[in-house]
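Both complexes shown next keep subunit A, but they swap its partner, so subunit B is in the first and subunit C is in the second.
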Partner chain A sequence: MKVLSKDKLSTALNKLSDSAEVFVPMQKGKQSGYFTWKSFEEGQDELMLEALNVYQSPKNAVFPQTERIYGIASQGVEVNIDKTYEDTSANIIFGARGCDVKGIMAMDLAFLTKGYEDSLYKARRSANTIIANACYEPGPNCFCNAMEVNCVEPAGADVILHDVGDGYGWEVKSDKGEAVTALLADILEEKEVKLPAIKPFIQNVDYSGVAEKLKDMFDHPLWDKLAEPCVNCGMCTYVCPSCYCFDIQVKMWGEQGYRFRTWDSCMFEEYSREAGGGNPRGASKERFRQRFLHKLQFFKERYGTPLCTGCGRCMIVCPTDINIVRIIDAVKEAEINA
Partner chain B sequence: MPDKDHKCTCSEKPLVPNIVEVIDIIDRTPDVKSFFVKNPDGNGVPFQVAPGQCGMVSHLPIGEAMISCTWQENQEYLEFAIKRVGLLTDELHQIEIGQKIGVRGPYGNGFPVNDCKGKDMVFIAGGIGLAPLRSFIKYCFKNRQDYGKITIIYGSRSKADLCFKEELFELWPQEPNTEVFVTIDNAEAEWDGHVGFVPSYLEEINPAPAGAIAVVCGPPIMIKFVLQSLEKMGYNDDQVITTLEMRMKCGIGKCGRCNIGSEFICLDGPVYYLKQLRDLPPEW
Partner chain C sequence: MKEITKKIQEIAARLFAEDKIDIFLAWAQQGEHEFHTNSYVARSAEDVKNIVFNEYSIYNVSNSLLKFRDSQERIGIAVKGCDSRGIVRLLEDLQIKRDRLYIVGIPCPGLKDPLAAARNYGGFSRKEEEGLAWKCLDCIQPNPVIYDELVGTEQTPRQQGDRFAKVKELEQMSADERYKFWEDTISSCIRCYACRQVCVACDCRTCIFDEMKPQWVGRENSTSDNMMYHLVKHAHMAGRCIECGECERVCPVNIPLMLLNKKLIQDVGLLYGGPEAGMQYVEGSKPPLSVYRENDPDDFL
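The block that comes next holds the complex of A and B.
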């Protein structure tokens, strides 16, 4: 197997960064997430390839927190769209875990299927290569195995890294993977490696039948109890690798400006508020229910796979200890008296 | 639903609008204006609409809103009847003829005009809710032989707030086998027509359900009571059609906010049979 020796890691990241923005998991000051290798500051920042999941997912590489859609020039009655902002410059996500790869697979379904292709997402994604990092030792919050993810061989990865101690086994999975491998021809070595043993999951989560059962649970009293602590802060949607909802806004300075989009959250009251003041999800509970039904039922119905990838982030960040695993358990256990 | 073969004119950039020129503006009521637009070179329109489809209309420096686009037989221009309710619509009401604005679309499924062929049509609208139904009504009159009796029941708060007065009082009542009923909420001088809310007027008129389809649009509270009245009158859930107005941003099933259950109303709707709505979570 090809191997990337760990002492050649920065050489490899430098090499890849010559032709692409390379997003790697790192601790940057108080932030942990995927940042570009070019922004890495030796001695200050810390590479986090060993950690299971950094705080922010790599979704910003293909779906930035804010991105411009088009430029506007407006003068009197005249108005022009002087530029659109599809970004096709190469980008690589290096070290994504299986759950985060699945997040991108889910966004591919949302942005690229069902009638319309989102041109901004399509541009970034077609210039994107995913080098995944296989998980052999799930953490205390992980449950991707229950959410249709194979964390050792994640579907959608172009290359899969396998941590073999002093290096990474380098498994090529696609043409895009071949292309980045060619860039590192001088750095990768051919070696015998022994892949680590797969450790069992700590959590035992059973999602089977949950999407189907939820169909009859929209008005179930359990939502009152489950939603009660939620303060609708939106943290869970922000850190989630597969939450993709966005808002569209405009910024103008006098006669020049641009329209842009930015991550939004179904947890916010304004998100679904209608002109005229009505809101189908005006109550906190209704927004809470929307988030978890979208994850566990609606997306599965529409696209065939759940929108939760089992990364465990939302339960770590939630200030009120809402835990999607306990929601799945509660749905499993709930009685439905029709 | 179309997968891939959608009919928008976005040239592969669905969030980027076409620039059009406002060629005419008509005051419909004190807070509703119709805007007529054409391509800036004066030739044609950026897209053709089917009855009940919408366009995302933008005053580019301000914002965008989903607006029903009036169907016209020879689609030489697009018409949007817009009520002033907030940030964007206030600004749109200030613009003058010649202004360039943005439109993208057409969005949504539109009314099932073919399914309804051979039926008696009962159109029930309140306020600006007549705007989307007007497309279907106009379509029926252009294809008059395809539809049975046409009954139009429309109400608004006051006489001044009645939209499309010329059609209501002059054009539509002259159409064959057609009746038009208009009501306002409270009595006022200069009004000798019916006074009262739409649902009770509907029950009074009581159009027979046999072989009929009712199409309903208006403020949520009106829709709610009209649906109850129709049920009482013997209309089945597959004889009632309505069009929903969730909050929308993208119009193409991506941004998330307009969903009810696993449906995105911008893409899969906004027009539904009541029967279909009954299968969705009760967020409409």
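The block that comes next holds the complex of A and C.
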């Protein structure tokens, strides 16, 4: 197997950064997330490939929190689009865990299938290569195994890294993977490696039948209880590797401006507010329910797979200890009396 | 703490039995780990057994009152020092009536941050220290300032040294250095609004940041829009922030929000004097900057 020795890691990242933006998991000051290797400051930042995961997911690399769509130049009543923004410059996500790769797969479904293609997303994604990092030791909050993720061989990865101690086994999975491998031809070595054994998952989550059961639970009293502590901040949605909702807004300075999109959250009141002022999800509970039904039922119904990837982030950040695993359990246990 | 838990449970049970309350707000532990402790609403004597006060009962429960401001329930509530100042905030802001509340005060020994514990447990990023939460190390008012009944013994404030030392450090910087500092810090804000949602002083019914017609502050995740968000949010905190530290504790990108709040606390103190926000409740009183008079001596109004 090809191996990337750990002492050649920065050489490899430098090499890849020559032709692409490379997003790596990092502790950057007090922040933890995916940042570009070019922004890495020796002695200050820390590479977090060895950690289970980082706080912010890599979705920013293919679906930035804010991105411009087109520029506007108006003259009197005439409004012209003077520029469109589509970013096709190469970018690489290096070291994404299986759950986060699944997050991007889910966004692919939402943005690229069912007869509609999001051109901004498509541009970025077609220039994007995913180098995943296999998990042999799931953490205490991980439950990707229950959410249709193979944490050692995540579907959708172009290359998969396998940590073998002093290096990473380098498994190529696609043409894009071949292309980045070629860039590192003189850095990768051919070696015999022994892949580690997979440790068992600590959490035991059973998602089977949940999507189907939820169909009859829209008005179930359990939502009142579950939603009670939630304060409807958007943290869980913003750290989630698969939440993809956005809003489109405009900025104008006199005659010049641009339209942009920016992440939005179903947890916000303003998200579902209608132009006339009404709001079908005016109550906190309704927004809370939307998030979990989208994750566990609606997406599964439309695309055949859940929108939760089991990364466990939302339950780590939530200020009121809302826990999606407890919600899955509660749904499983709930009685439905017609 | 077991003692305190027991006493709160007894009081809550008594209040339910005497039909003095309809709900009791406190904390409960969910799941096997103690750090899975958070806000809780007991709705009957049955529920009372779930109430706990443990070393992770750090959530400012006065914030939970906002969910009940428009309803009629009579509310029992357990509060630490910081939480009790939150109640004063809500009373002064006319968000809730005093006679709807039965307040059980807990002199607070200082608590730990369940979020730090959850991060450590989850194996995300670097291990953090798990001593007392910094907001508790910085606490000037562990004893409740308003209550109907007190549980436990008085505590001494833990805050040590110059409370505004960090603020002064920043004040020493040149304007450019300071701008750079805030630019670097605030550009990483992801605008999740958790700092607003957990804030008891953010009690506006429609927040300015949610207004769309007109949209006062842009939603772009850019340094300028982020700065506008923080400028406006914190300007609204001047004289009103009760220093519970929840905003900074929950921020997923560790923005030092209390530095802004402390600066405002310091300046409002210097300009207006008087007790700090939420330190005492006098019926009808208003915090500085919350009064509008047509004959205001300043002509900018």
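For this structure, a couple of remarks:
By definition in this document, the second predicted complex is superposed on the first by the 338 of 338 C-alpha atoms of A that agree within 3 Å, B and C clash if a C-alpha of one lies under 4 Å from a C-alpha of the other, contacts with A are read in each partner's own complex, and residues count from 1 in each chain.
The working rule: a contact is a pair of C-beta atoms (placed from the backbone, for glycine too) under 8 Å apart; a residue touches a chain by one contact, two chains touch by 3 or more.
Remember, predicted model here, so these are calculated numbers, not experimental data.
Touch criterion not met for A:T309: it reaches neither subunit B nor subunit C.
In the superposed model, A:R273 makes contact with both subunit B and subunit C.
When the shared chain is aligned, no partner comes close enough to touch A:N91: not subunit B, not subunit C.
After overlaying the two complexes on the shared chain, residue contacts for A:N232 are found with subunit C alone; subunit B is out of touch.
Legend: residue contacts after superposition of the two complexes on their common chain; A:F260 is shown touching subunit C, with no touch to subunit B.
In the superposition on chain A, A:P319 makes contact with subunit C only, not with subunit B.
Once the two complexes are laid over each other on the shared chain, residue contacts for A:F111 go to subunit B alone; subunit C is not touched. When both complexes are overlaid on chain A, the residue A:V54 reaches subunit C alone and has no touch with subunit B. Of the two partner chains placed around the shared chain by superposition, subunit B is the only one that A:F246 touches, whereas subunit C remains out of contact. Across the two superposed structures, the residue set of subunit A contacted by subunit B and also by subunit C is 247, 249, 264, 273.
Partner subunit A is touched in their complex by these residues of subunit C: 30-31, 36-41, 59, 63-64, 67, 114-115, 118-119, 121-126, 188, 190-194, 196-198, 210, 212, 215, 218-222, 246, 249-250, 252-254. Note for the complex: subunit A touches subunit B at residues 69-70, 72, 74, 77-81, 84, 86, 110-111, 113-120, 218-219, 244-250, 252, 257, 259, 261, 264, 266, 271-276, 278, 280-281, 286, 290, 293-294, 297-299, 301-302. Those residues of subunit B that touch subunit A in the shared complex are 1-4, 6, 8, 10, 12-17, 19, 60-65, 85-86, 89, 96, 98-102, 219-220, 245-247, 249-250, 252-262, 267, 281-284. Across the interface of their complex, subunit C is touched by residues 27, 29-32, 46, 48, 51-56, 65-66, 139-141, 228-229, 231-235, 237-239, 247, 249, 251, 260, 262-265, 268-270, 273, 284, 312-313, 315-317, 319-321, 323, 326 of subunit A.
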